[in-house]
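You will see two complexes here that share subunit A, one where it goes with subunit B and one where it goes with subunit C.
Right, the complex of A and B next:
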């Protein structure tokens, strides 16, 4: 590859520094083969010291229970964990949830394949990591894992919404969200 | 993703792949590496930043498998210099393959990276792990190796890419 050549083209980016319930990538062009979503930040939770919750990925604003998620992760206490949800209202990626943006970051890189296809259900695969050293009353998980997800719709993806689950987190306290498109050839 | 540079080892005295003077014009870094040691079975390597294997506290957490045994990498607050597998001369001509994602490398906050390494050394191993440093310094150089006198085989290759959040 020649110096200066781009394979990931930034589509849209958000830098959240105050509590925000939902981040939405809109008007996603259909000119790419795949999408890549990067996240670095934290969900918001009022719990002192923080906990772990989920970032929820939805496509085209759909909240129907036609999403699936499955993951495997290794945890800092030496245990390992697997998760599966087949009829959920979004694809769930574990993230930290804290009261201050100076605490306990998490990151995720999610590849969304074949998003513009109008004949296939949409799938994604990604990696995530988080480190919550918070209040032992809550979830002090430190983990690195891989995740797969599915949206059982043949509709082309034109927008992506990111929010948090109905657990401890209520939106994001901070975050850098970037959506890239991968071009063929 | 923007190509920055490639380093390929050519001799038997190289102990580190060392990317120096990383430009600050990107938002994230990505590294792909193909690794093999030159001598005995020194087992593994890791990535570290700004040349430091001692002054930073690392937390390394992950999951993997050695042959058919599933393994968990429990939290380790001291850098594990053999975190990811590296091919050894008793494994034919094999090299191990790995990739790393380092977001927000120029921020003045603690750095987190996720890495994945896979391949055959004297056993087969696949590992996926979080690397976290307590250092808040911007990353200006990046090293791949195990920080000892163990040498890398010729034709180990690592390529550094930069990613921007905006066009």
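Right, the complex of A and C next:
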């Protein structure tokens, strides 16, 4: 491809409107240098009060504890917060968890780099925002943050699985998930 | 007005959002992937003024030095004087802490001894698999009437020392010059950027002719 040609292409979209445990992008082509995942939705928490949980990103279905997650976020109450997970079973992105798709949305953009390379680990970095100030009992956080993640495998990424952690959320109550690819040009 | 431009203009007028329209105006200006280790700089010169905004996507590791995360020293238009101001929110080291920082009059975009970084590269001689990710963008970079701001987010991790850095920051380049050149200096110049590092420079059009 010559420089100047279009290089940012949608690969696949899922639009979830009922409670769904797992969303998975499969057969991802290796023709891009980077992937971009966009998410807009909520985790599902059947309890009466909403909270904040995590969207878990796994590559090639791997549940080995070879993922890392590191975030930093600013909150609506003026505080700062950070977490780290050096040996986890997935990359964790904070999202809201509520009982209805009309409540408290979350937004995330995750950039996954060098996913097709078979000689290096996979690193991703992204931004997220969540608004949980209404319809929430357990965690009323309003926050915006930066998330970094790593999968310590040299295997090329051919599928991406999205689910929720074993916390309050059991899947997604709604969400639009789109995977884009960026070509080198 | 081209049909595409007309379509975009019409969509904007009605407040519509079409990802396909956005993505079809995202184009590669230049892309570098290193086949061997050792390059001391990754240099984008003669950046065209035909786009409205740009984005840089870096997947980077610098060989040499002790195991740690650190900054990507970036020079705009080959300027390495005190022309950059940075504000950052970051967490780092091996603790769950966060902090903010304000650096005024830096001599280069974030080559700061406190590791307040525009991007994060790993500087571990023995760790061959781990790379940092860095995304940055600037708006109206070809303007000659206002200073330029770069917004960044990035992450790096060193599995030997378990040190990491996640950062969100912005840097102002205190000049009204158009941005025509961006140079990424390896933190360890003698050993340079590692193999498999890649950086893409992408232009975004806004549909206005």
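Rule of thumb we're sticking to: the second predicted complex is superposed on the first by the 174 of 185 C-alpha atoms of A that agree within 3 Å, B and C clash if a C-alpha of one lies under 4 Å from a C-alpha of the other, contacts with A are read in each partner's own complex, and residues count from 1 in each chain.
Throughout what follows, a contact is a pair of C-beta atoms (placed from the backbone, for glycine too) under 8 Å apart; a residue touches a chain by one contact, two chains touch by 3 or more.
What you see is a predicted model; the values in this text were computed from it and never measured.
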Clash or fit (per the criteria above) of subunit B with subunit C on subunit A
clash
Applying the document's definition of touch, where does A:76 land relative to subunit B and subunit C: first, second, both, or neither?
first
Look at A:119 in the shared chain and tell me whether it touches subunit B only, subunit C only, both, or neither; answer first, second, both or neither.
second
Figure out whether A:127 sits in contact with subunit B (first) or subunit C (second), or with both, or with neither.
both
Of subunit B and subunit C, which one contacts the greater number of residues in subunit A?
C
Mind working out whether A:34 is in touch with subunit B, subunit C, both or neither, as first, second, both or neither?
second
20-28, 38-46 or 74-82: stretch of subunit C that collides with subunit B
20-28
Would you mind listing the overlap between the subunit B footprint and the subunit C footprint on subunit A?
1, 3-10, 72-74, 80, 127, 145-146, 178, 180
Under the definition above, what is the set of subunit A residues touching subunit B in their complex?
1-10, 13, 15, 38, 40, 72-80, 105, 107, 109, 127-131, 142-146, 176, 178, 180
Touch list for subunit B against partner subunit A, complex
1-4, 27-28, 59, 61-64, 70, 72-75, 101, 103-104, 109-110, 112, 114, 116, 128-130, 132, 163-167
Please output the residues of subunit A touching subunit C within their complex, sorted ascending.
1, 3-10, 33-34, 68, 70-74, 80-84, 86, 111, 113-114, 117, 119-121, 123-127, 145-150, 152, 154, 178, 180, 182-185
Which residues, counting only subunit C, touch subunit A once they are in their complex?
19-20, 22-31, 33, 57, 59, 89-91, 94-100, 128-135, 153-157, 159, 162, 164-168, 196, 198, 200, 202
